[in-house]
Amino acid sequence: MNDKHVLRSNVLSGLGLVLMIAALYMVFIYVPTEKHTGVVQRIFYFHVSIAWVSFLAFFITFIFSILYLWKRTMRWDAIAHASAEAGIIFTTLVLITGPIWAKPVWGVWWTWDARLTTSLVLWLIYIAYLLVRAYATEPARGARFGAVIGIVGFIDVPIVFLVVNLWRTQHPTTIIFEGGLTTSMLLALLVSIAAFTTLYVLLVFQSACLKSMEADIKYLRSVQAE
Amino acid sequence: MKSLFIKIFAIFWKDLLTELRTKEVVTSVLVFALLVIVIFNFAFSTGASMPELVAPGVLWVAIAFGGVLGFNHIFTVEKGNSRLEGLMLCPVDRAVIYWGKLAGSITFILAVSLVITPIFLALFNLPLLLPLLALVIVLAALGFATVGTLFSAVAINTRARDIMLPILFLPITVPVIASAIKVTALILAGSPWNEMLIWLQIIIAFDIIYLVVSTLVFEFVIEE
Amino acid sequence: MNEIGTASSSWAIEARGLTKLFGDHHALRGVDLRVSKGERLVIFGPNGAGKTTLLKILSTLAKPSAGSVWLDGIDIRNKPAQTRRHISLVSHQTFLYDDLTVYENLKFYGKMYDVPDLPQQIKTVISWVRLESRLHDRVSTLSRGLQQRASIARAVLHNPSILLLDEPEVGLDPHASTMLRDVLGNINSGNRTVMMTTHDLERGLELGDRVIILDRGRIVYQAHKHEIDTANFRRVYDQYTVID
C-alpha cells in the first residue's frame, strides 16, 4: 500500500467513524419513538441501510465482473471479489435484522415478502459466487467463473423481486408504516445509509488492496524461485 | 448461417447418438423424478385434503431437481479423451458449442418433462389432456436449459462438481420455477387465460435474457 | 508485454516471447520460435518443461500470459476461429467419442471443419491410417494403438497445413509405435509442417529436420539434424537438461 492508499484509507476510516457515531446518535437519541411499534422500530434504520448496501455491493460486483472480463485487469477482479465478500456479510445481517424486527412487530420470524425473499435468494447467489471461486481448479479460472456468476446472478435479482412481488399481491400485504416518514426519521435514515455505505467502501477498498498485494507477492515468489 | 446450423446440429446429433446408445441420462433422471413425486406424496398427504394445491409444486420440484441431475452430464460427457478440447480445436466460435449443447439440454429436459407429467397427472387424479400445460413446460424447459448448460460448463471445472451445479442453478432459476408453479396452479384451477399471461411473459423474458447472456458469456467459461 | 506486430507469412509458425503462468508457476518463460513451412520440428524436454503447454498455446487451446503467435501469418488473437483451420493436434488423448463409431466420429469432425466432399475424404484418411476394416466399429472396441491411429485420421481430415503432435507414442506398444511412425510418413505428403514433442530421442531424431530442447519453460538448445551427432545425442540432452 502506497501513501495514496494509506491516506485514502485513513480518510475513509475517519469519515466512517464520524458518520457511524452520528447515525447511532440519530437512531437512538434524536429520532422520536415510533408510535405504533415502539422502540424495536429503530432497527428499521439499520435494516434498510444494510439492505441498501447489500444490493449496492452486488451491483459493484456486477460492474467490475464485466470490466474484468473485458480488460482482464486483476485489480478489477479483486474489487469484484471484495465487494461480494462484503456483500454477503451485509446480506447476512439483513437476514438477521429482518426477523429481529419482524417477531415483535408481526409475531412471525419470517415473512416471504418480496424484499426479504429477494435478500435470501441474493444471499444464495453470493454463496454460489464465493463457492465457485473457492472450488475452481485454478485462481485464474476462479476469477473468470466468479465474473460470470456475478453477471448472471445480478441480472436475476430484479427478476426474482418482480416474481415474488407478483406472487405476494395475492396475499394481504404487510404494512410497514401507517403514514409516511417524518423529516427527522428521513434524516436519520439518510445518515444511517451514508454511514453503512462508507463502511462498505472502506471494507472493499481494504480487502481489494489486500488481494492485490497477495497476488503480487505470489508472482514475485514465482519469479524468484526460478 | 447455414453452416452454423449444420455445426450446431452436428453437436446435437452426436450427443443424441451417444445418449441413445448408453441410455445413461434420461432413464435415470426419469426414475429420479418419479421417486420425487412419490416421496412428496407422503410428505403432503398427512394434511392436504386438496391435492390441487400442492400438485403444481410437486411437479416442478421433480422437474427442476431431475433437470439439475441431468444437466451435470451435458459437459461431463466431454471430459473423457479430452473431447471438450477436441471441440475447442474446431474452427467455430465458442458460442456454437454452447448452442449445440443447448439443443441437447432442451431435448433432454423436454423428454423428461413430457414423460413425467402424464404420470404425475394420473397419480394426482388430474385431467390428462392439458395443452396449456405443455406450453408452460416448453417455456420453462428452455429457461432451465439455458442456465443449466452454462452452469454445467462451469461446474465441470470445479472441485465438488456434483454439488456445485445445484448451488448455482437453483437460486438463479427461482423465477422460472415460481412462475411455472403459478401457471400450473392456474391451469388446474381452470382460471382465465389473462391471469396466466403475466407469468408466462416472465418466463419468456427470462428465456430470452438468459439465452443472450449465456451466449455472450460462454466463451469465458470454457477457455483455459 | 503483448506485442501487436505483424509477421510475414513465410513462416508456418511464429511465436515471440511466449510466457504462461499457472497460478504462481511459470510453465513457459519467453519462448521465441520460428518454423518454416514444410519443416519437421521435434521438441525434446523432461516432464514439466512446458512442451504440452507450448503446443496448447500454438493450437489455441490455451492463451499465453504474454507473447504472440502467428499461424501461417495470421495473429491468433485476431481470428482464432479461422486460424484453427490451419492446425491440428494429436496428443495422447484421442478427442474421440467412445460410444460412436470411427466413421461417426470422422463425420462429426468433418462437419465441424466444413470438410468438402466428406465421404471421400474419410475414405482417404482411413486408408492412410489403415483402419478400413474397423471403420464402423465403436471406438471403445479399438485397442489404444488403433484409437491413436483413428485420432490421427481425425487430425488430418481437414487437411491442416500444420500438424502438432504431443508425445503421440505414449501408451503405445512397440508394434503400434512402429505403425504410428509409418502412418506419420504416409500422411505427410504435401507441404505439411509438423511439430512434435516426444520423450523418444531415437524416433524423434529419425523424424525431425530440426531439434529443440525445452527445459523449465525455456529453449536451451537448437540444432538442425545435420549438425547433430545422433549417436551421442543422449549425452547432449542430459547436458542441457540438468536435474536439480
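Note that the chains take the letters A, B and C in the order they are written out, and that residue 1 is the start of every chain.
By our rule, contacts are C-beta pairs under 8 Å (C-beta built on N, C-alpha and C of every residue); 3 or more make two chains touch, one makes a residue touch a chain.
Predicted, not measured: the structure shown is a model, and the values here were computed from it.
Annotation: omitting subunit C yields no split, and the remaining chains form one piece by touching. Distance from subunit B peaks, on a Cα-centroid basis, for C. Centrality annotation: B (chain centre taken as mean Cα position, compared with the mean over all protein Cα atoms). When the C-beta pairs in contact are tallied for A-C and for B-C, the bigger tally goes to B-C. Averaged C-alpha coordinates give centres for subunit A and subunit B that are 31 Å from one another. Centre-to-centre spacing of subunit A and subunit C amounts to 50 Å, using the average Cα coordinate of each chain.
A separation of 39 Å divides the Cα centre of subunit B from that of subunit C. Contact with two or more other chains is made by no residue of subunit C. Across the assembly, subunit A contributes no residue that touches 2 or more other chains. Shown for subunit B are the residues in touch with two or more other chains, namely 223.
Looking at the complex, you find that subunit B touches subunit C at residues 3, 6-7, 10-11, 13-14, 17-18, 21-22, 80-83, 85-93, 223-224. Residue ranges on subunit C touching subunit B, taken from their complex, read 56, 59-63, 81-85, 87-89, 91, 93-100, 104, 108-109, 111-114, 154.
By the touch criterion stated above, subunit A contacts subunit C in their complex at residues 138-140, 218-219, 221-223, 226. Within the complex, the subunit A residues that touch subunit B are 69, 121, 124-125, 127-128, 131-132, 135-137, 141, 144-145, 147-149, 151-153, 155-156, 159-160, 162-164, 166-167. Interface residues of subunit C facing subunit A in the complex, by the touch rule stated above, are 21-26, 29, 216-217.
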